[in-house]
Amino acid sequence: MEKIITFGEIMLRLTPPEYNKIDQTNTFMANYGGGEANVAVSLSHFGHKTYFMSKLPPNILGDAAIQHLRGYGVNTDYVVRGSTTLGIYFLETGFGGRPSKVIYNRKHSAITRIEKEEFNFEEIFSDATWFHVSGISLALGEQVREVLMECLEYCQKYNVTVSFDFNYRSKLWTIEEASESYKNVIPYVDVVFSSYFDCNTILGIEANESIKNLMEKRVDLFRKVIKKYDIKYIFGTDRIVYSATENSLAGYCISETIEKYTDPIRFNIYDRIGGGDAFASGIIHGLIKDFDAPDYALDFGLVTSVLKHTIYGDVCVLKCEDILDYMQNAGNKGVDR
Amino acid sequence: MEKIITFGEIMLRLTPPEYNKIDQTNTFMANYGGGEANVAVSLSHFGHKTYFMSKLPPNILGDAAIQHLRGYGVNTDYVVRGSTTLGIYFLETGFGGRPSKVIYNRKHSAITRIEKEEFNFEEIFSDATWFHVSGISLALGEQVREVLMECLEYCQKYNVTVSFDFNYRSKLWTIEEASESYKNVIPYVDVVFSSYFDCNTILGIEANESIKNLMEKRVDLFRKVIKKYDIKYIFGTDRIVYSATENSLAGYCISETIEKYTDPIRFNIYDRIGGGDAFASGIIHGLIKDFDAPDYALDFGLVTSVLKHTIYGDVCVLKCEDILDYMQNAGNKGVDR
Amino acid sequence: MEKIITFGEIMLRLTPPEYNKIDQTNTFMANYGGGEANVAVSLSHFGHKTYFMSKLPPNILGDAAIQHLRGYGVNTDYVVRGSTTLGIYFLETGFGGRPSKVIYNRKHSAITRIEKEEFNFEEIFSDATWFHVSGISLALGEQVREVLMECLEYCQKYNVTVSFDFNYRSKLWTIEEASESYKNVIPYVDVVFSSYFDCNTILGIEANESIKNLMEKRVDLFRKVIKKYDIKYIFGTDRIVYSATENSLAGYCISETIEKYTDPIRFNIYDRIGGGDAFASGIIHGLIKDFDAPDYALDFGLVTSVLKHTIYGDVCVLKCEDILDYMQNAGNKGVDR
Amino acid sequence: MEKIITFGEIMLRLTPPEYNKIDQTNTFMANYGGGEANVAVSLSHFGHKTYFMSKLPPNILGDAAIQHLRGYGVNTDYVVRGSTTLGIYFLETGFGGRPSKVIYNRKHSAITRIEKEEFNFEEIFSDATWFHVSGISLALGEQVREVLMECLEYCQKYNVTVSFDFNYRSKLWTIEEASESYKNVIPYVDVVFSSYFDCNTILGIEANESIKNLMEKRVDLFRKVIKKYDIKYIFGTDRIVYSATENSLAGYCISETIEKYTDPIRFNIYDRIGGGDAFASGIIHGLIKDFDAPDYALDFGLVTSVLKHTIYGDVCVLKCEDILDYMQNAGNKGVDR
Amino acid sequence: MEKIITFGEIMLRLTPPEYNKIDQTNTFMANYGGGEANVAVSLSHFGHKTYFMSKLPPNILGDAAIQHLRGYGVNTDYVVRGSTTLGIYFLETGFGGRPSKVIYNRKHSAITRIEKEEFNFEEIFSDATWFHVSGISLALGEQVREVLMECLEYCQKYNVTVSFDFNYRSKLWTIEEASESYKNVIPYVDVVFSSYFDCNTILGIEANESIKNLMEKRVDLFRKVIKKYDIKYIFGTDRIVYSATENSLAGYCISETIEKYTDPIRFNIYDRIGGGDAFASGIIHGLIKDFDAPDYALDFGLVTSVLKHTIYGDVCVLKCEDILDYMQNAGNKGVDR
Amino acid sequence: MEKIITFGEIMLRLTPPEYNKIDQTNTFMANYGGGEANVAVSLSHFGHKTYFMSKLPPNILGDAAIQHLRGYGVNTDYVVRGSTTLGIYFLETGFGGRPSKVIYNRKHSAITRIEKEEFNFEEIFSDATWFHVSGISLALGEQVREVLMECLEYCQKYNVTVSFDFNYRSKLWTIEEASESYKNVIPYVDVVFSSYFDCNTILGIEANESIKNLMEKRVDLFRKVIKKYDIKYIFGTDRIVYSATENSLAGYCISETIEKYTDPIRFNIYDRIGGGDAFASGIIHGLIKDFDAPDYALDFGLVTSVLKHTIYGDVCVLKCEDILDYMQNAGNKGVDR
């Protein structure tokens, strides 16, 4: 029986309405999100059985985050309660030439006080099928990393597929600080979401210098990573930012033997946050359907990500049929009535 | 003295704010709309004397719908009150690649219990000048159709011009179910709003097979309809959907002798619902001004429709000068101050 | 292991904000509620394991209702999906001398098309411990009543405690229509929520004529019901309406041997809907804790009901400690900081 | 056939939401109101045929005010359009010990530029049955007073019943400035709404000095006014302000022969503005039903006023049955469902 | 020249609208507040020249807090910028029997990283006339306490009047932890805001055991504090909580020679937060006007506090004339128009 | 020491939310703005010391406008209080082909009653470094013009740099009415913001007829103005309106010796009002940095204007680093996190 676990922090996100800046508003729209939580919600919408693993404060703010997850069908039995602080982040939604801005108020949040003793890893992982985590969790401190490493050990023990999204955030730590942690994690991973820049700077791996073509360079670099760490697939996207409200995305998938690219899709943006998580969730959905058909997963992931940009909040609250509908109509459907 | 009557259902429309999906919102924006009601409101804004004919429940929800109509200057003396249920529909406003979605909660609404005995047709139609209805009303059941047929009989008796918008809705009934009703109505009609697909599938009329050019094919088909049913004009639009928030429209008008096309106008969309009703209202306005100048009507109708897409709600709450202003400035006016 | 099941309809409730009347608003606040669903949510907040049994349309409106339940921790595995229409009701919140008004748009909703074949009663009831339903469900039509009777049969089979709230609604049916259905249900019930009026008119039972004192009369009548139908407890409240925003409530509990009354509590009202459901949920919580201590249940139920009136929406989203806190401080606590 | 005309200014009212003060808000709730317009709307809700006579600027702000009136069923054929400015007033809603505050931005508004030539008095008044105006209109300047005097002449000519609400506003003019205008108007009036203070200071009439009892004093004074100006009834209310959110009102009616007082009703206030206009509208409704039964009118008027205080906005958007329902239940009805 | 300085933390306050609980809302109303900041704003509204001394993060959240202060006329030249986190607190507004709840997310906020080196105390205090601080600041950690003690040294040096509000918060620290810090501060203070409980438990001072009367006991205790620490006045209030929405307050002032009590005022509550700060600001205003007339200060302070409870947000945005108006009308003024 | 003064009117701006038209909304978003006030706010955000000089009514509406200015760091010591009316304007935000509409309710506002005696010009200007005003102020009547001319005299006396934005508004006066006033002002001005049309029609200056090239013609005309009035720089923009939501802007700067043009920037519009004021503020900022480097000023001004179009309200609440960030990234930055 399928059982997907994602591990990380879920925060309260506060966004001024109507593209206001923070010093213009006296209201905030509230929702809850965080990389791995978003992946769990999205996969739950695609019909999968998902669990979120985290720590939240034992107050009504923590309750509200749990209610958000449960409402979307994510099982929260593995969310422990303790410490005092909910992570919060503020989003100023950009418009046109004005970029979106994220401001974190997440230091010292409950998850940073997480402890191995709070979880029954045996129970959690013995029947798990997939585990997903991102580099943001790595940045949340020693205690989070310890719990994560324990998770990965159990994944190995029980043969759970592991996906990992690099998601490096320079506002949280430096490349130097990050490097070791990433290197500890990668050996456990089957499916990686990453860019050339990530692998190059964080893992410190270089492409063959003689290669001049950027695409080939990336493939060369990725194949080295794949070999070194025994990885199955590396997925990623190339984004072109025309403005804060218009981007394009193209997806790629590299494995030891295959090299796959999609055409770019150009699209309007309503809420960019969570676009990467949506991509990951679409890929995971595709691979769960058929692990040996990365093409389908790549297409499904890309469209999931594109459509996420049209939805308010951190999470892609669409169903499989919405994604498939887009894939068939190339997004050119006006009203469904 | 001019007296325009439209007949149909007016519903409460509930729309989540800020492009939210229904499972994301805890507030709905409310307004009232329905094909023929929208045409009445729009014509009232263009300075015409309009009446709406319908049935609404005798509660405050019905009152609110009437207040909406009356506020916009539509006479509601021909709205009878009875039965229990107000038709409601939900609109999820699409964004970019995510299409808008309409969900109906309108089954068994008051209008489906309408009866001929509730109206004084003699009084209503003896001094009427124009009558408008759409195919949506046909789909609302036997009782609605009976009242409608009585209306059409009186239109014939008093020489009232009749316009009819095909507006076929596959969520309400099948082509097969619809076909007979449409065929009963068309003989009474002077001005038709329709597409090739509508006439072809619903009326079961075929263009000459030897014609390969699509435009010519349509003209051929429409001329057959025009002849068979003694119709004066068939109007329609060709829409290209670039995304849920960007479309283009081009208009056409076919009669026995003329064949008229506009250039397409490409435009941004704020609220697409009612775009077709706005087109019809613009055409009717133009034809009332001069029934023999369909060119002007076509231009006026197309711009009315284009501008409707920039307005929240089902109805085009613009005045003639707004339409004319656009026609003169080609929509390139930033601020009017 | 405890397993509470409630059965009934959950509707979308639409409320104009800020005490507006329906013809004054262009926004509605949306939440989801229904007698038995409210009881399930409230019990879930008190820490119980609850299931809701119902039918909802297979569209995003149905999804949203499910999300509401799941978010509050209610298991929705026994909510089947089908038919087309979500029940909707409108609430005009009263103020002072102006009463609240409820307008139903719930006819022909999905639950009225419910069928026995859609449920696995064996699985649902074999490990159940408590079943709750109200008279509103009885009023929803033959199909609902059939499913309900099947539920009651299984309750009997598996010795599940049954509670029943009379909740007679004159807007849905007449006393005459209701009478037979109620009489069919009562024999299966252990705990009844009812008033003198309900038992007298609907069950057609009379108190001893010679008793003049109203309280004694009620006890006499209730004891007859208790004996006739082998009921364990009858609970209820006496409400005094000072205004739409200020009421008082006193609770009572009658069994074959005991007769228990609370002092009245006078309180301010923010949202009265669901006050009776909160009372029921508090009683059930108390009886689950100790079925033989109706005193505690009565106090707990009354305070739950009183506090519900201070909370927006249909449901009492408070926890046990909030109720107990009130019981200790007599509601005289200003700020908890 | 009944035809009620009210004459005065309708303004845009802007109110900060949620009891905010003006320097705390960045949103205003908007509605339209003005003494005589409120009376017209209220009477329209009671089922009467009403006309509003005024002047509004020929822009969309004027359109919106007209839409407000028309939506509530008031005929706006006698609202002329011209000049440039819409009267605006701001309301800070008080709470408890903090009083509500009204700030006018109405100087030089369109109605102050009104002219006799803009109206066809013959057409307006020849079939009129009732005319209502208040002292606020008198304060709006010479041009308004001129039009008003012309109205009164025509009322006399066509035997139209005239009601007049003193409504003296010290923010608009002084007693001295007001006195002459009031004296010019009173001779045309049949039904007066006034207080002891009004009649005493503005009309300069004194009660018999030897009377010490305040009630008797008032009767004495009112009877002098009644005799001097041949008035049929003087109505008014005695208000006790417990706080900005709790008041009581008692009504009185004095004629040459009768002297009638109601008990005071104590009530909660949601929006006090328009309470006096509601009283006038209730009285007028009662007198239209039976001019010789001032008792009923007084009761109806008082309850209309009390209930207005529970409704957002300037106008009492209730129907006769709501008023009668309160009169029967003494305001002690919680939920109507 | 007058120069009032207050020192402490200013936080972002997030409140669910319409009395919602945190798990019911998807919007928060935002404003900025904190004990000493509230006093500064209130005094600025009373016409005084005020400065706020604090530390805020160098991001747009800090900017917004500064904008709040500056908009209300508080000079922010002494707010240094640094560290990363803005203190946040959530308020669930209570209703009737349901108490308000405060949830802090303020640990590790910028002010906890404040340092003496960041201020030029000489410049700040050499021309200051009044300094105000509260016990909340004492609870924010060693660094805040150090800066505060330096402030107090400079107050002594430059003869600045010091007022201190005990404001003990059990959610921040224990009595034991607090005791020493309070004892360090009190010797510098001229005007104290405190309760019997505060002085007794925190300062560890006992009233003469033989006194039985509670009022006399308090006076005895306070006089001991006054003597021991050379204090001029101790002010405070006695609050009775009838419900979360109705309280009463009575004020007292004790000095070495005088003993002054006001009658209690019973009032409705819209927003209780900041009631104590408003009291302090009213007292300070009164004492600045005439330090030797504590009676006037006490009355002014009490009414300021009472009226604050009718105002949304943490701060009393009223002017002297509003306070005086209430004092003259005993709060019984309905509409000021 | 730098001291920038701007002089003009600040108004309350009322905007229907969500692109609604005025007759569709029952809420207005409120903010405060006016050409010269916007320039002051924007310059304050760029770190300059700014003063606003104006007149506002002595009520809470005036207070709110002052709070807006002060919150953004503008000194309001030179805003006198008096008269009765706050200028108000309504903005209907356009969308796509539907233009924005401005409706003024500003006649007879407080500033039109401004008087020279209300200001101490000596104190204001003796240490001033820059003075900015626009043609809108000229249109506000004789009294405003008199005060302005006095300002300009003092600027001359104290060698204050003067910038002037033509900002001709045809809704306020005709070219003929405007011409003389502009001619009186220009001799005092150092930096002009103007178009060919402005200089040509208002100043009545013609370019050499023989020049056919439009760009050369403009330079020729501007150089004549520069010579005649001894002006240092004329700045301006060429705007192309693709739709109400998409424009492009290119900037130019002409002096006696230089001729400078930028490339056009095409951009999405969220709120166009204040785009010209933002341009002026960016130029002034650049010139204050280095008066002899108009190139930098031009680039900075153009980007400030472009980014203003992405911000709600009249004012550009961005900081220098936001502008510079755009200049470096060409507006292609999606999320700053």
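We call the chains A, B, C, D, E and F, going by the order they appear; numbering starts again at 1 in every chain.
One rule holds in what follows: a residue touches a chain if its C-beta (ideal position, glycine included) is under 8 Å from a C-beta of that chain, and two chains touch if they have at least 3 such contacts.
What you see is a predicted model; the values in this text were computed from it and never measured.
Chain pairs A-C and C-D differ in how many C-beta pairs are in contact, and the one with more is C-D. When the contact pairs of B-D are matched by residue number against C-E, E-F or D-E, over half are shared only with E-F. Remark: subunit D and subunit F have CA centroids separated by 45 Å (rounded to whole angstrom). Centre-to-centre spacing of subunit B and subunit E amounts to 63 Å, using the average Cα coordinate of each chain.
Counting partner chains per residue, subunit C has residues 18, 21, 23, 25-26, 29, 67, 101, 269 touching two or more of them.
Interface residues of subunit B, counted against subunit F in their complex, comprise 17-18, 29, 265, 267-270, 306-307, 309-313, 317-318, 322, 325-326, 331-337. Residues of subunit E touching subunit A in their complex: 14, 21-23, 25-31, 59-61, 63-64, 67, 84-86, 88, 90, 92, 101, 103-105, 107-108. Within the complex, the subunit B residues that touch subunit A are 18-21, 23-24, 94-102, 169, 171, 239, 241-245, 247, 269, 272-273. Touching subunit A in their complex are the following residues of subunit C: 67-68, 70-73.
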